[in-house]
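Please go over the structures that come below.
Next come two complexes, and both contain chain A; in the first it sits with chain B, in the second with chain C.
What follows is the complex of A and B.
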């Protein structure tokens, strides 16, 4: 086969999003290698330079890939970020798993919906985010983790996100965990 | 000789083009004899007649032989075209005498036909290029003099002026469909102009005294460039936002696609950003989304509280007015602790000044820092002789020490 492995892998990433491959796979150019915690596998995430990144679409006033319910989806992503990014100091990846109930609690504090619409909106949004690699949603276990794509946020993006993180209401403390209840209700 | 067997639209368009050029070239001659070519088939008849003459050899042909050789066409048509050709001198008698039956054909009409076919097929571009080449050769030849150069320049000026006028009129006034049918002269005009400019430079370098004629050529070239720009702009505007593939002939696109290398083809997408087909969430969008939906009332911005800096006492008020009030009040009291309002006004003398005193006393009463008060009670003083005829009973008095009211 005469196709270069780099080109092939880029094509696969374009088609399927971030790839989860065995750790023995060589990392091609321009791809970020993210260790999957607790396993021998790594995620390969395409990392383009800033002037070629998705933010350029906005500058050129071109439409990117369309998202259904973009605002709700962004809110659910913010809620996941609030729950899974334990300390907003470091990188969001890999983060930690959070129960789906915590995410919905944060999302509920961000929105004002009647229960049925709220349920539909949150489920649809988390499925969309899961398909795009922004979060990893374990539906049977009802847990959510941040997906590998969050590692593509730049340092400047992260500072904005930290501000968002601070302003987002924290999730309710879990019964199993002894998280400090000091911020509760603030 | 083209077959007439497939009446496709392309064939029809081609015929129309031949006819149009034919009309343009021959209209001046043909209109007067009533022999204007009105059908594309007539061109083919002419061609068949000339072909028959070519095969006949040096003996020439009689009319009947021509008709027999052109049996594909109706006899009446062939004889009529033969007459037209004879009238124009394209077909002449072998020997110029009465009752001569044999005719011979001139070569010029056939060359003209070939030329017409070519022009119709290629829009006259090649002919213009050849014309430019010929003119370039003639001005470059050692025997050429300034007159030859001037004549060359004048011919070119005329050619380019005519093209520019035609294009400009088409671009401004005619329907877009006409414009599209006649835009062959648009293609490759840069090459034409640059060749003409080369020729212009050659002439100007060799005979500097021809600068006036050279200026004429420059003007004609600029007019041609402007006209073709205007026509192209109109076509592009008409094409709108769709990809104006019709602006170039389909063959040009095919040739481009076949002969270009991968880099050239990929260059088409140079301006297009291709990214992973997954949605991207920028932090700014997320923040906006969260902010937009935050329920009213749970905003986390604290109410404005005085900071440590704001604890300093407010700057001293301007106390000039206070002193004035104090002076008026003390003047009214004259050292006493209380004085009736009526007495205070009477002391001033008239109402015009008295009302100012009353206003000052009221202000002193309302002033938070001054220790005076004004107390109104029941009762009324009526005195027609006094400065104020009616005065309610009131007392202006000093507050006890401490000033708390």
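What follows is the complex of A and C.
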């Protein structure tokens, strides 16, 4: 018996995270397609109704997957959001690219570490977020963008995140030569 | 996903005939099985206790490439359907880098296969309390220490290995298989066991029996 394209695609995304495929790829129902700015590709994410999402675990008092250094990871994500979500009135996806130096400047304002520990903590957190699809970290170019998973946040999540965005200190103004690559809009 | 959006097609198809209350029960059980770190007890979820709702839950999971997996007395989790695993890996696709697979196999050999062969571990589970040291992983993987460390970080994040915190133990981290190993179906557990036998003792009578059984199975299907 052959396996349905829906089953195969959902399993693939479960195993590897959001998939980046050519825009011409046909996708079964129940999958969110997000255009990757400046390319002929799209990201695929499963559409899970909120009552079937991970938010339910708290109500059931069940633990979700453990995240290492959860405070640092959350703060670096908050710093990425502050830098890449240029207008919090709109959608965070696709946002715009921000220099890594701007993200670390915001993270520094949220934490108090000696330089070595700060450097290790910020790198470990952004790697973790990149591997999970929450941010897209271009290490050689030293820039960060929000990852496709942010497009799956619900209206209720976004309302909380907008408040967080407003309370987080903004990144310092950039010198002209450090301007981020192409503004992507929202 | 914003509020008020219709239920995505696979969910609608699986739950169409249920009342609203039963839909909620199935969706809650789906969330618990798919997102919880450990298997869940059926006492906590009606859709696991009730046979009719459990069938709807299984229908939903199967539409999405998953299946219910019993993980002990009255405990359940979810895992990949065996035919889905076969289809994906048959195309040569694998989500883990080769270094991560090498490190994971070494943890499974030291924490499960060796203790089981010594009679220290019963059953066919691939979870274990027998720790594997990072020193063993570095020695036997033949990978640079930094690569082993990076692989362990990714495997920890994926729940495939777990760091053992032992007070009073000497220096050096140790690992056991992570909670995701509960998600292996009975067939997947057997395949893993067989692959290790074929790799570790290809000339043994047990390996010959495994090869013969697989050939017979292929001819029959």
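Assume the second predicted complex is superposed on the first by the 175 of 186 C-alpha atoms of A that agree within 3 Å, B and C clash if a C-alpha of one lies under 4 Å from a C-alpha of the other, contacts with A are read in each partner's own complex, and residues count from 1 in each chain.
Just so we're on the same page, contacts are C-beta pairs under 8 Å (C-beta built on N, C-alpha and C of every residue); 3 or more make two chains touch, one makes a residue touch a chain.
What you are looking at is a predicted structure, and each value in this text was computed from that prediction instead of being measured.
Asker: Is A:116 contacted by the first partner chain B, the second partner chain C, both or neither?
Answerer: In the superposition, A:116 contacts neither chain B nor chain C.
Asker: By the touch definition at the top of the document, which applies to A:12: first (chain B), second (chain C), both, or neither?
Answerer: A:12 sits against chain C, while chain B stays out of touch.
Asker: Taking the superposition on A as described, I'd like to know which of chain B and chain C A:133 touches: first, second, both or neither.
Answerer: first
Asker: If you stack the two complexes on chain A, which partner ends up touching A:155: first (chain B), second (chain C), both, or neither?
Answerer: In the superposition, A:155 touches chain C alone.
Asker: I'd like to know which partner A:50 touches here: chain B for first, chain C for second, both or neither.
Answerer: A:50 sits against chain C, while chain B stays out of touch.
Asker: Between chain B (first) and chain C (second), which does A:62 come into contact with in this model arrangement: first, second, both, or neither?
Answerer: Touch partners of A:62: chain B and chain C.
Asker: Which residues of chain A are in contact with chain B in one complex and with chain C in the other?
Answerer: Residues 14-15, 46, 48, 52-57, 60, 62, 64-67, 128, 132 of chain A touch both chain B and chain C.
Asker: Inside the complex, what are the residues of chain C that reach chain A?
Answerer: Against chain A, the touching part of chain C is residues 1-3, 7-11, 24, 27-28, 30-32, 34-38, 40, 44-45, 62-66, 80-81, 83-85, 87-88, 93, 95, 153-154, 156-157, 159.
Asker: Can you tell me which positions in chain A touch chain C when the two form their complex?
Answerer: Touching chain C from chain A are residues 1, 3-4, 6-12, 14-16, 28-30, 32, 46-57, 60, 62-68, 124, 127-128, 131-132, 152, 154-156.
Asker: Which of the residues in chain B end up touching chain A in this complex?
Answerer: Result: residues 273, 275-290, 292-295, 298, 300 of chain B touch chain A.
Asker: Looking at the complex, which residues from chain A come into contact with chain B?
Answerer: Listed in rising order, the residues are 13-15, 17, 46, 48, 52-58, 60, 62, 64-67, 70-75, 77-78, 81, 109-112, 128, 132-134, 149, 153, 157-158, 160-161, 163-164, 167-168, 186.
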